[in-house]
Amino acid sequence: MDFFILMLAIPLVSGALLTVVGERAWAPNLNIIASLGTFAAAAGLTIEIVANGPRFAFGEQFFIDSLNVFFVALTAFVGLTTSIFSGPYMKNEREHGRLTAPRLRLYKGMYQLFMFTMLAALTTNNLGILWVAMEAATLTTVLLVSLYRTPASLEAAWKYFILCGVGIAQALFGTILLYFAAERVLGASGNALLWTHLIDVKGQLEPTIMALSFIFLLVGYGTKVGLAPLHNWLPDAHAEGPTPVSAVLSGLLLNVALYAILRCKVLADGAIPNAFAGNLMIGFGLFTLLVAAFFLSRQKDVKRMFAYSSIEHMGLITFAFGMGGPVANFAGLLHMTMHSLTKSAIFFAVGHATQKTGTQLMADIRGLIRINPLIGWGLMLGTLAILGMPPFGVFASEFMILTHAMKYHPWATPILLLGLGVAFAAIFGKVQPMVFGETEARRLPHAPAITPVFLHLGIVLTLGLYIPPYLTRWFHEASRMLG
Amino acid sequence: MISISGLLGQAFAILLALVLAPLLSGWVGQCRAWLQSRTAPPLLLPYYQLQKLFHKDVVLAHGASSLFRAAPFVVFGCMVLACAIIPSLSTDLPLAPAADALALVGVFGLARVFISLAAMDVGTSFGTLGGRREMLVGFLAEPALLMVIFTLAMTVQSTSVATIVETLAHRELVIYPSLAFAGIAFTFVSFAENARVPVDNPATHLELTMIHEAMILEYSGRHLALIEWAASLKLYAYSCLGLALFFPWGIAPGDNFLALVAAIPLLLFKLAIGGAFLAAIETINAKMRIFRAPEFLGTAFMLAVLGLLVRLLLESRV
Amino acid sequence: MNAAIPFSAQLINLFAAVILLLAFAMLAQRRVLALINLFALQGLTLCLATLVAAVTTGQVHLYYSAGLTLALKVLLLPWILYRLVKRLNVKGEVEALINIPTTMLVGLVLVMIAFNVALPISELSHTITRGTLGIALAVVMLAFLMMITRQKAITQVVGFLSMENGLFLAATSATYGMPMVVELGIALDVLVGVIILGVFFFQIRDQFDSLDIRHMERLKDN
Amino acid sequence: MTSLLSIDILLTAACAWGVVGLLGLVAPRNTHFISKTLFPLGALVGVLVGLASLGSLGGPAQTAVLVIGLPDLPFHLRLDNLSALFAMLLGFVAAGISIYAAGYFRKGEGTAPGVLCLEYHLFLASMLVVLLADDAYAFMVAWETMALSSFFLVTTDHRHEEIRRAGFLYLLIAHIGAIAILLSFGVMTGGAGDYSFAGMRAQQLSPFWSSAAYLLALAGFGAKAGLVPLHVWLPEAHPAAPSPVSAMMSGVMLKTAIYGLLRVSFDLVHATIWWWGVMALAIGLVTALFGVLYSTVQSDMKRLLAYSSIENIGLIAVGIGLTLIFHAYRMETLAALAMTAVLYHCLAHSAFKSLLFLCTGSVLHATRERSLGKLGGLIHRMPWVAWLALAGVIASAGLPPLSGFVSEWLLLQSFLFSPGLPHPWLNMVVPVAAALVVLVAALAGFAMVKFYGIIFLGQMREPGLKDAHDAGTWEKFGLAWLALITLLLGILPSTVISRIDAATQQLLGTGLAAKLKEQGWWMLAPISPERASYEPLIFLVTIAATLLLGRWLVRHLYHGRVRRTTAWDCGYYFQGPRAQDTAEGFSQPIRRIFEPMFRMQRHFPTARDTEPYYSVKVEDHFWYWLYLPVARLAGRISTLIVTLQGGRIAVYLMYSFITLLVLLLVARP
């Protein structure tokens, strides 16, 4: 069977299934098995692509090349670990009475559907379908964010829906304009939104239209990435949704949205002179980084704080891709990987921590290392990793971004470093007392799943010290595609 | 390299120091008494005292540790070494390379640290008070002393005391204004370092003014004897250093036996003058408050720096 | 616009102008039900415009597109919204954050901006409907403005949907519609979105006793 | 062949440390296994590192490229003489500290022993890699790993709020420093994008960019070393850490910062500009003076030592500044003299400061007390620790014949021969700087007398001190090892300098070894015996001979009778421990004389107080002048920025809208 079809079919089918049976005792296992299947299919697909090069599926509607297969693998992997994590987490939530059986059904079903939409968004060749999938991802996650049905979670979900809906609408306008530009070259056939066709004619696309289109696309998808000042939905949604959802929002959804921008940027770069798209992204990236960094120090809620940290990193990545060129793109891709893995690991640890202490307020969380050393260390190491401490991999990519910036945009370096420094002070100053110190312990009915945390951190650590050659080749190929 | 005569000269210099040091103290005491119209104690009083103290039992406080008992010997050893490397009669001293002027300051520092520690050892109020005041004087005096040495060392391009003295003693007569500044500064420092009025008064037992005496209150018997002897050695060493640096005439250049013999009376003469001068200064000055001491030594430091600058300004091409 | 414009294009331009007018009307409208009616009317106009374009160009999928618009934006969505308003018992006037005249003035400025932005692009278009791109952009912006100024959750949704209308108009006017698969996907998303929103309204009312979004200002950092 | 092996040995040693650390995780609660097997093993590796580096000193540089690292920038390693010198320091000092730690770490002190063992050995390994790193990435990875592992070590006892705060401050400043270092590397690549050190050496930067690189390096490494004004973490972190860790940080980690500064200023950047030296000199002087003054007024024994470390780092910076000045004017012999002083002081300070910190560890274990005001008289209960500490104290006070004096002597010698600089201003200022250096040295003596006198001498200030016990065997061994190093460094300067001269030669092209070979091994006369010489061995022998002869003579001629009674103290009746000086009282003259240097809060008792007391609190000016304003500024900006997230969805939409409009109106390709 085709790995690709399998990869899309498993989450779709299991999502539908879990919507019906999601409250059963074995449902978490089904969720994990489905995610495992998706991951296996994604892995198979990855091997296939690495071995045989890019391929199409469903006619030309889907296209998998080394750029998106990398995101696919990452998405499937984090999806798998998150499902592992969410098993005991959700059981504990249910024991605490925060969730009912229908909600669990909704959660598991939507979780798989969300995976489906993301995988579809990543693999589609059609920029229109990309838009559709992104919107669908928003819809599924809106339901996930509002899972607790508390006033706060409803407010967050509402803001998320409206802001991202509006944002996405702008992206649609951008897509229409793109189609408009492409149609003049490719004719009114259905091919005019196919990326593989567009990339061949990108030099002939009308720059004026493309510039306008890219602005709309950037603002639109940028809302979803969390670029300041379009980021306002992000901290709310992260803080108020269940932690597994925060993990996938931060770890995956932001990536997918950024991926959408990247695809468009390649076209825009081909059409518009003077690195117009890149400069816009550099500007957004730096602004986002700075704004998020200063937000960090005022946070009281732990998930909210890490949400801002995600914004900060998205800013950094956007900046990296804005610079362009093989090295910066490589660094950007690496940073996306590292950020996904690390941030989701952090959210896993935070999830268990908040369950143990029964609060998300950082001032009330103390001495995690004494409650459960593994959670404590997981959070501490994860935090240090996300702050760019070597030998974790985040440092590797930050090092590359910084050094590249020093070479080509020296003026930006102090801003970057200011942002990173402020973020360091803010986050570390708050996490340290949470992890260390005295506390009274509380036992949870279901033992937490620690494996995903350390699995992620282990990968991040390894990649910080050693990036295997095949991974390097793969990254290089992907960054070449980004130009 | 090291000649027999050199070794003999070295041994003689040490012996001379050991013998002359109490005498110098006695002489200063006598001069002071004369100047203050008192009946003078005998010139040999310090020797009698040493003899008496050595005979006496050591009375140790209960809290005294082994460091307390070791300190007098260490201090005495330091002072002997200091006397050994300061040219008093001759500059041909085999021990001289062991310590140059900087190390000489280090020797005094080592002695000071040990005696201060010993002062703190028994744990009395006066002991710690003395120890801290001694260190206070020390850290103020040391930079000034070093600046004096710097001034001279720059003139001669050497920090070896023997070389400095040799060069200064055997040059044609050139007036170095810097030396005047350095000389005054050195005098100031010497007063402070040797527990003399106006910084300290070795004859007082008044609690508010004691420095040196406060430190050695708990000592008795042979320990006290060694410390007193070491103190007089220190005075001797400073006197010889001052004389050698600022009035170096007559110090024998090498293994010239005749010159060496001739140097002895000259040294005695210079020491006598120096002692009288010291007593005179002590008489016409009043003991200062302890917190005036920084000003006093600060002045010394400023003078030394001025000397240095004057040297740089006026004499750099000499 | 010179006299060489064919009749069909004039017709489409007319419809586009009506859509813009309706957008302004929505911006000025205080009552919820009237707002929904205006929205349905806007959808109808859009449908007619698409139909004219379909007839003129003979492109089949524009017929489907028109049908889809009719079904979704003229019938289904207004009906759902209407039901929601009844069920949720949304009463009274819609309060705006900024008063209506000011909003209108801002709207005017936006239209100018939109026209100016769209101008260089319109000139590149070879479709008969190219002039309407500026109008489409203006409609999108006016809808945006409406979402900003209105305080009821339901009016924000209407604004959102009106924005979709603008987008649709843009797609039609600039390119004679997107590929069919994309349009279907968009339609599905919008439908699902509105259904989810409908569910949301009930939950919001349960939790906040109101659909006023001013109650939803608790998540903040300052 | 042996020289070829050294870098491999060191690399293996780094791995071995890592493995030893990981073994700690096998049985994280098995204190006996960890302390009695793993730490001695680590010490053994340390000796190995020391010997291998010693062996490779003077040999040709060895390089290695590892498979790990970034795709385009694998880890480059290089063992040259400078690295070897510092690796030797690391190895030998670490050996002593590890042996001591084998007896020190016990159950129930915060972090599990196994984790502690991992952190400790990672710390060692990362320091070694810092010294070997030959490209910016490897350096930064090792550098930050070092910071991290030491941070965790500092916060071993993380249950205390102030320890956590100390750790945070430490890591924050370390991180800011690391950022500056990274920037410095970036500048040094000169836009060529080659981040290996070889690539940086190949760059010919303009004076402006050279200066930028140097200043950034000075800031970055200065933050780690504790140069003013980036020193504030040091007096917080050192007392917070367990004593072996304080010893390691103060003794070795600060030196890695010096290593980095030397590496950048003399190896990677080619140009040398005279004002670099003046800058280092000035900062060093301020640091030294600041450190020593604050050291004298502390009443916590580990804080006192921490400030003393600041002072020593300041002196080292003074030496570096002097070297730079001489180097800039091509006065290579003098530069070599100053450089030797720098390197020697690094070695000396490592040994004696670790020794002192370990002694405080033993005191802490025996008494559970860090405050000087509650100690005293421990020489009676802990004679081993007390006498070994005396070696450290004398060395730290810069007194002959121990190690501290040698480096100070060398430093002063290089000051002394500074006239002849072709710059009149420098000619005037440099000797005055020398006077300040002397003042610092003398004040260090004051601080050390206070430290030693109050802890070990006098009467016990608390009754509980009677139960204090001496250090255990492992601890004694570790202390003795470091004391031995201190002694050897003190009495064999010529031998040591002829070994470490290879590093000087590498950095400056000239050294002192040739001159020293002309004289005997016992004599230190870097320029010529006529100009300056120092023979510590003879010095020591003379004093010892006088001492023993005097003692023998006194006993022989008179008697050795001793009687014990109560102290005399001018006949005062009350002689309890409260009559002694307190730690605050001892430093009162300093506070008074240097009053403007301190920020003091004093409380004086009045006649009407029912419970009269006196208290004095000395705070750091820099905290109020620099750190708090920066924190306040960041706070203000945050306050401004968080208004973006005001909670109103309409406003959020407006942001989005305005962004769009602005882009539409402004952005043009």
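Letters A, B, C and D mark the chains in the order given here, with residues in each chain numbered from 1 onward.
Criterion: contacts are C-beta pairs under 8 Å (C-beta built on N, C-alpha and C of every residue); 3 or more make two chains touch, one makes a residue touch a chain.
Worth saying up front: this structure is predicted, and the values here are computed from it rather than measured.
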item: Relative to chain D, chain with the most remote C-alpha centre; value: C
item: Best-connected chain pair, where connection means C-beta pairs in contact; value: B-D
item: Geometric centre distance via CA averages, chain B-chain A, whole Å; value: 78
item: Where chain A and chain D are represented by their mean Cα positions, the distance between them in whole Å; value: 44
item: Gap in Å, rounded to a whole number, between the CA centres of chain C and chain B; value: 101
item: Euclidean distance of C-alpha centroids - chain A vs chain C, Å; value: 31
item: Chain B residues counted as touching two or more neighbouring chains; value: none
item: Per-residue overlap in chain A, given as positions that touch at least 2 other chains; value: 158-159, 162, 166, 170, 208, 212, 235, 295, 298
item: Residues of chain D engaged with two or more neighbouring chains; value: 639, 642, 644-645, 649, 653, 664
item: Chains grouped in pairs wherever the two touch, ordered by label; value: A-C, A-D, B-D, C-D
item: In the complex, chain A residues that touch chain D; value: 158-159, 162-163, 166-167, 170, 207-208, 211-212, 215-216, 218-219, 223, 228-230, 232-233, 235, 272-274, 276, 280, 291, 294-295, 297-298, 327, 330, 367, 369, 373, 384, 387, 389-391, 395-396, 399-400, 402-404, 406-407, 413, 417, 420-422, 424-425, 428-429, 432-433, 436-438, 464-467, 469, 472, 475-476
item: In the complex with chain B, residue positions of chain D that touch it; value: 376-377, 379-380, 383, 386, 390, 393-394, 397-400, 405, 409, 412-413, 416-417, 419, 427-428, 431-432, 434-436, 438-439, 441-443, 445-446, 448-450, 452-454, 457-459, 523, 525, 529-535, 538-539, 542-547, 550-551, 554, 557-559, 561-570, 572, 575, 577, 579-581, 585-590, 592-593
item: In the complex, chain C residues that touch chain A; value: 59, 117, 120-121, 124-126, 137, 140, 144, 147, 153, 156, 160, 163-164, 167, 170-171, 174-176, 178-182, 185-186, 188-189, 192-193, 196-197, 200, 203-204, 207-208, 213, 216-219, 221-222
item: Interfacial residue positions of chain A with respect to chain C in the complex; value: 61, 126, 128-129, 131-132, 135-136, 139, 142-143, 146, 149-152, 154-159, 161-162, 165-166, 169-170, 172-173, 175-177, 179-180, 183-184, 188, 190, 192-193, 206, 208-209, 212, 235-236, 239-240, 295, 298-299, 304
item: Contact footprint of chain A on chain D as seen in their complex; value: 67-72, 112, 136-137, 140-145, 147-148, 155, 158-159, 161, 164, 167-168, 171-172, 175-176, 179, 182-183, 186-187, 189, 191, 193, 195, 634-635, 637-642, 644-645, 649, 652-653, 655-656, 659-660, 663-664, 667-669
